[in-house]
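Paired with chain B in one complex and with chain C in the other, chain A is shared by the two complexes that follow.
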Partner chain A sequence: MSDKQRKVVVPGEVIFEGEEYLPGEGTEKKDNKIISLKYGLAEESNNLVKVIALSGVYEPRRGNVVIGTVELLTFNGWVINIGTAQNGFLSLVEVPRYVNKDGLEEVMDIKDMVVAKITSSNKRGIDLTIKGRGLGKIEEGIVFDVNSHKVPRIIGKEGSMIKLIKEETGCNITVGQNGKILVKGDKIENEILAREAIEFITEKSFVSGLTDEVAKWFKERKK
Partner chain B sequence: MNEENFTPKITGDRIKAYLEEGKRFDGRTPDQFREIKIEKDISKKAEGSVRVKLGKSEVLVGVKMKVVEPYADSPDEGVLMTTADLLPISSERFESGPPKFPAIELGRVIDRGLRESGFIDFKKLCIKEGEKVWNIFVDIYSLNEDGNLLDAGMLGAIIALKSARIPHYDIEEDKIDYEKEATEKIPLSEPPISITVHKLGDNFLVDPTREEEDVSDARITFGISGEIISSVQKGESGSIDLEKMKEAIDLAEKVSKNVRKEIEKYLD
Partner chain C sequence: MVQGEKKMSEFKRPDGRKNDELRPIEAKVGIIPNADGSAMYRSGDTVAIAAVYGPKKMHPQHQQDPSKGKLRCTYNMLSFSVSDRIRPGLNRRSTEIGKITEWALDPVLDLSKFPNMVVDVHIHITQADAGTRCAGINAASMALAQAGLPMKDLVTSVAMGKLDRTIVVDLTKEEEDWEEGEGPTDIPLSMTKDGKITHLQLDGKISPSQLKEAIDLSRKACAEVYEIQKKALKEAIEKNE
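Up next, the complex of A and B:
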């Protein structure tokens, strides 16, 4: 199997047999067999085998930008639901402005949504920050869910896909790695168009040359 | 129910703002239903069955009949039992286990709609007064949820009842003979159409998608048979004042006529 060939595997399936192979992400090694732990696409390069998952929940990673909902206010921060098993925690210290400890709700209240970055993710919990460009409370726009495994396709190679959608619709788009997407434009029509384009991508995510397909889709829509 | 999948408030604000202009996210007008697709007789064992698709929402309705003893307060009338099940397969919000509030409400609102409209002639379902009557079971299952299961379930129920045939009942042997062909129809009259009107902000719409249903402030379900409103059920916590209520009734009446026209061909 070369770099480009990918194989669909299911949990428990033996991908490779032999001493020389090493188990990567989503796989395990047992009796010299590389076994898949996930449903997804198996890939091998330099004897390292990994499986890119096609379904399942979002797994938080350091550095990911995510979109979440405030679930709880505590004395030193906010508990934020980012669609993972564990809730994220946004500490007061990670907010780039002065916050009155008695008035956390003035900055963000329950049910408010926020764009945040994961600073660490371990057994004790997920820590978030909103220090940085593009991060912070969401004031308006459309937020909707997609399958988090399709996020790389929505962004495209070096952001080519998302750039295309931004140019075509004039909207500001924030893609959370957890599969939540924020679209903000000056007209609701444009926001809906951007959303439909993204939904088109998630449906056709397996097509090669998808960026051209989307460009064609936009042309047809604008007629 | 799982809270985290609910439509975010900011998306809801956009839906309401757009509705203020008389537009909806999927391009429909506020008084427009999604495409109705109906497939009849999908079960061999049921007396009547139908699968209704309303956009992405999908329900399966089955009618089964059994001979039972009548209730003491109505010895010469048949019995109707309507139950709804929201299957986990239809949405990540539903879980298996005893039916929760939404499933119970769905069954009961449809039951009321069928019963109060006088759609079924219960007197004719009597076999022997005080001893034997027909019991009609209407079972509603959700296959996919994208809002407005109520109206989809009601459409399914009336079409399944219309297409149902009463099986042959052997009085002497006291059992139903499924070998003999069932030809007799259930005695029915004018079918009730249910139209659920949702209030979002200050505006009304019908046939909401899941997103619209999530941000709905109030809803009223009208059971309309012909020119008569035979049942009304209000849901959600929002309020509707008198003037607005009249508006809602007018809207429901108008929409019910359109829906009836669309499903007419399935009602024979």
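Up next, the complex of A and C:
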């Protein structure tokens, strides 16, 4: 697939042996051995070894764009459920407009959905922002769930897959890294078509040359 | 009959296995799509399935630990898993085995990054022919790995036994009810790949030297089980690649 060397590893397995390797995410170094701490794919680049999990719950990371639901209003922000065990927090100062402290619900109320970016994620909690392009409260469209580990396939190499779906359906699509997808189109039929295309990708995620496969799928659908 | 007089070489197991031979093993990962991690482990006629959910917020709230996450295991035998129907639901035995499973798995699991959270492991025995707690631990260990949780190693479990005076591996129900000579001794134990024991129980009588012998023999059996667990996990990804 790529020039990088990849292999499946289980917890406790020795991935590489030697002084020159550095332990990255999901690994540890012990007696000059790089040992996996997770089950997934091991990748090595510039002697840095890391393990990427392919299953399990979504792990929030800094910089991820996610889609969530407002669960609670506090005196200085919103508590947002992004599908993780810990809720995200969107502070007042992270909203790019004036907000009256007594009227938080005028901007976003409980059950409203929002596209946000993670600014930090640690033991204490997950901080969100909606400053930036494409972020903010969701006004219209449909939101649905997919497996968060399939998100890279939906986006494709340099966004090739998502570009294809956007072109074919004429919909605006926002893919949250937490596996929630927002589809906005002018017609409900187009939105449903985009959703079906994405569900097709998640089912066939292990097929190589998937972008061509999806193009073919669109052609058949349009007949 | 004086069974104790028999020499080791003359000893015959009811199903004709060698003393250090495991029952046929089958392992599969990802059997429950709705769970965050799941696995099945079969050893002969014993079948265990395990499902992992979480990390998720700990409820009841008073059990939350702000310094680290917790592991919570439940063990359950389905009512049809044995020939005499067993009453479904919690009982003294299942509560105890659930706790034992937690202790067996906790040393390899690192939940320090998940404060106030819990990882739920549900183990169900669909078919029982002795060694169910070991099958449960083996399945749970694979399921935890599939849930993407940070682990130092996999846990491998095997039930050792002493039938009269002979040490054997992986008892069946028939052997567990051994009536001749000194009778049966049941030693379920779990260890990591490098042979660090995380759990050991003993039910019956055994001399310290024979216990050592049993533990030494279990290392070989555990290595075999480990390879099967590893293979099952790797196949689950490779078939989709």
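One rule holds for everything that comes next: the second predicted complex is superposed on the first by the 218 of 223 C-alpha atoms of A that agree within 3 Å, B and C clash if a C-alpha of one lies under 4 Å from a C-alpha of the other, contacts with A are read in each partner's own complex, and residues count from 1 in each chain.
Simple rule for what comes next: contacts are C-beta pairs under 8 Å (C-beta built on N, C-alpha and C of every residue); 3 or more make two chains touch, one makes a residue touch a chain.
Since this is a predicted model, take the numbers as computed values, not measurements.
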(Q) Is A:T69 touching anything from chain B or chain C once the two structures are fitted on A? First, second, both or neither. (A) first
Q: Give the label of whichever partner, chain B or chain C, reaches more residues of chain A.
A: C
Q. Counting only touches as set out at the top, which of chain B and chain C does A:N81 meet: first, second, both, neither?
A. first
Q. Just chain B (first), just chain C (second), both, or neither: which does A:G12 touch?
A. second
**Q.** Partner chain in contact with A:K111 - chain B first, chain C second, else both or neither
**A.** first
Q.
Taking the superposition on A as described, I'd like to know which of chain B and chain C A:G26 touches: first, second, both or neither.
A. second
Q. Across the complex, what residues on chain A touch chain C?
A. 8, 10-13, 26, 37-41, 53-57, 59, 85-86, 123, 205-206
Q: Write out the stretch or stretches of chain C touching chain A in their complex.
A: 30, 36-37, 54-57, 108, 110, 113-117, 145-154, 192-193, 229-230, 233-234, 237-238, 240-241
Q: Report the residues of chain B in contact with chain A in the complex, numbered from low to high.
A: 4-5, 8-11, 13-14, 17-18, 23, 25
Q) Once bound in the complex, which stretches of chain A touch chain B? A) 69, 81, 83, 111, 113, 138-145, 188, 191-192
